[in-house]
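The following blocks contain the structures, represented as structure tokens.
Two complexes come next, and they have one chain in common, chain A, joined by chain B in the first and chain C in the second.
Coming up: the complex of A and B.
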């Protein structure tokens, strides 16, 4: 019983007939993932294998194949990522409690004292941030965020000022609020769409750029200790 | 079965562009109840667990440290707001997203505890919650594919087909896994064995309210007693 409603005539019947196979593929992927989990005794492997089940979920949503489905994939993906982050965080803190010692997020045994670690990161980071600001939106945010991340990781051996990173986290939160306000304006007062567009575009640019917090830079206070 | 039969009285809609919220006495009451409970939990202080030690007259007190306390209070407020949102939303996909948010936040509330057993059960619950996203989103997406809409106001007028029944079963399995009811309750019950009770209560409350709301939504979609 294929979908009989609301399929426009421009859509070819081949595309419509792909829906049922896609649903079966999604369910099959989920089943394969579940089977693998049931064989697996290691917790870490089980966690990684659940990702396969979530891929099945993405296939099921993507099978619908409309604009709305495209808009629904993104929240699905975000939910999946958030859950896998939360669960891996639980797994890590459980193992730390069992072993009674904490582990660094990015273990780097390097203690180089080289000129290039001082000069090059700033230059490259500035270029990436400017290019990102020029692009704006999600892509720009990702590029500028890459620049900031590169800066932090290369400066890590020398210690990064902690106050700056707390400020960055705050700015990221405010930018996120701008993004949400932008979306609210789209819904509540559609006539101000240009303002809403710019709020959303630059809000998400700053937000994504400062998403260094996501990898736990601030949360784990890895960079607070000056390693001079 | 129309909205008024299920919800008591149809009070009106709140149109926000594509997303239309509808108000009935039933879901407005549950929305208010979730908000009131959230407010109470936001104001309350955490309890400390006191355990008597076996064989001696000593007792052991488990306290929640200040940082952990703050994070838990924040997460339980988020959980309460997500529950309230799931009560009042008129959009099937938003409902599934709220349910997922409740699941993630539930993991977060117990994430920082020191007991290894509790962390273990939280991990198992997390795995189940993540697997449950497949039927949850899959069910919502296949309802979208069959009917062309995910607005409950529209779904009420669309006659049920067999595929919608299948999607609803998927949706129900998803909600059951995500909120940790009946077949998956064992892992979640273990999560309560930790200090800091008022914040743990919201985990329980959210799953109760979500199940009630899910039943309403499934009745709206499937119309088992005729239109």
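Coming up: the complex of A and C.
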């Protein structure tokens, strides 16, 4: 069945034999998710079901089974994350406008004003950021970003200076430029490939790590309202 | 002994059953139950990625799932505090 498609000899026969079942699973899961969305009246439930559709997309991409598939899954995950974050913010702000009242940015059932939140987050965030820098690239960015997010969220009960978000967003933009310059060097001056590799790897590392700046930009208004 | 077919088809089974459970499973009128049900297909996807040796994709997927879970739960709790219809 798979012989009718051009398959390079480096692909192992196991991966080739799993291709058709994987494709059908992906299509089936996507179909289940889309059908459930079409019967759904509530927007929040539809948003949760989008998660299922994106999982079907992941199987379709993963079925290729090569490094290309791995490289395509990572942007897919980040796009999904950004999409869910943006749509949930839109839903909440629409509901707030409709109801004409506000709730706090991150609703916590307890008041977390404890000593450990003053000392532990710095240590844990430093470890996460160093480990992320050691990994570099996309995964390192995600880990370091988790560290920064953890730090900010733990400190939030004591007040975060809201104008630092502007700086974080600016650094993220500069890192993005580094990444593009790295790619340009690959094509313009291939003999400097090591420099290009490191520019690209650490550019994307800083870029992904500072993606948390997005949450800060969204919550800027509410941070100001709470703390000043 | 690591049999890739067992790993792969367990993943496929979990993904399909989990997505059906998320769509029409018992108690999905409650958005928190629905969100928790999405974890079942996530485990299935992890097994499938493991079969294909997609290590970095698997690590990033686990991190992304945790963050998506946090975003969805935050949205649900905020909507409930607003008193919106769920």
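Note that the second predicted complex is superposed on the first by the 153 of 228 C-alpha atoms of A that agree within 3 Å, B and C clash if a C-alpha of one lies under 4 Å from a C-alpha of the other, contacts with A are read in each partner's own complex, and residues count from 1 in each chain.
The criterion applied here is as follows: a contact is a pair of C-beta atoms (placed from the backbone, for glycine too) under 8 Å apart; a residue touches a chain by one contact, two chains touch by 3 or more.
Remember, predicted model here, so these are calculated numbers, not experimental data.
J.: A:19 in the overlay: touching chain B, chain C, both, or neither? Say first, second, both or neither.
T.: first
J.: Going by the contact rule set out at the top, does A:182 touch chain B (first), chain C (second), both, or neither?
T.: A:182: touches no partner chain.
J.: Counting only touches as set out at the top, which of chain B and chain C does A:50 meet: first, second, both, neither?
T.: In the superposition, A:50 contacts chain B only.
J.: Tell me which partner A:74 touches in the superposition: chain B (first), chain C (second), both or neither.
T.: second
J.: Just chain B (first), just chain C (second), both, or neither: which does A:146 touch?
T.: Touch partner of A:146: chain C, not chain B.
J.: For A:203, is the partner it touches chain B (first), chain C (second), both, or none of the two (neither)?
T.: neither
J.: For A:91, decide between first (touching chain B), second (touching chain C), both and neither.
T.: A:91 contacts both chain B and chain C.
J.: Between chain B and chain C, whom does A:190 touch in the aligned arrangement: first, second, both, or neither?
T.: first
J.: Between chain B and chain C, whom does A:60 touch in the aligned arrangement: first, second, both, or neither?
T.: A:60: touches chain B, not chain C.
J.: Using the superposition on chain A as set up above, list the residues of chain A that contact both chain B and chain C.
T.: On chain A, the overlap between the chain B and chain C contacts is residues 33, 47, 56, 69, 80, 84, 91.
J.: Once bound in the complex, which stretches of chain B touch chain A?
T.: The touching residues are 16-17, 19, 93, 97, 100-101, 103-104, 107-108, 111-112, 114, 116, 119-120, 122-123, 126-127, 129-131, 133-134, 136-138, 140-142, 144-148, 150, 158, 161-163.
J.: For chain A, which residues are in contact with chain C within the complex?
T.: The touching residues are 14-15, 18, 21-22, 25, 28-29, 32-33, 35-36, 42, 44-45, 47-49, 51-52, 55-56, 58-59, 62, 65, 69-70, 73-74, 77-78, 80-81, 84-85, 88, 91-92, 95-96, 99, 101, 103, 106-107, 138-139, 142-143, 146.
J.: With touch defined as at the start, can you tell me which chain C residues reach chain A in the complex?
T.: Touching chain A: residues 4, 8-9, 12, 15-16, 19-20, 22-24, 28, 31, 34-35, 38, 41-42, 45, 48-49, 51-52, 54, 56-57, 59-61, 63-64, 67-68, 71-72, 74-79, 81-86 of chain C.
J.: Residue numbers of chain A touching chain B in their complex, please.
T.: Listed in rising order, the residues are 1, 3, 5-6, 19, 23, 26-27, 30, 33-34, 37, 43, 46-47, 50, 53-54, 56-57, 60-61, 63-64, 66, 68-69, 72, 75-76, 79-80, 82-84, 86-87, 89-91, 93-94, 97-98, 186-188, 190.
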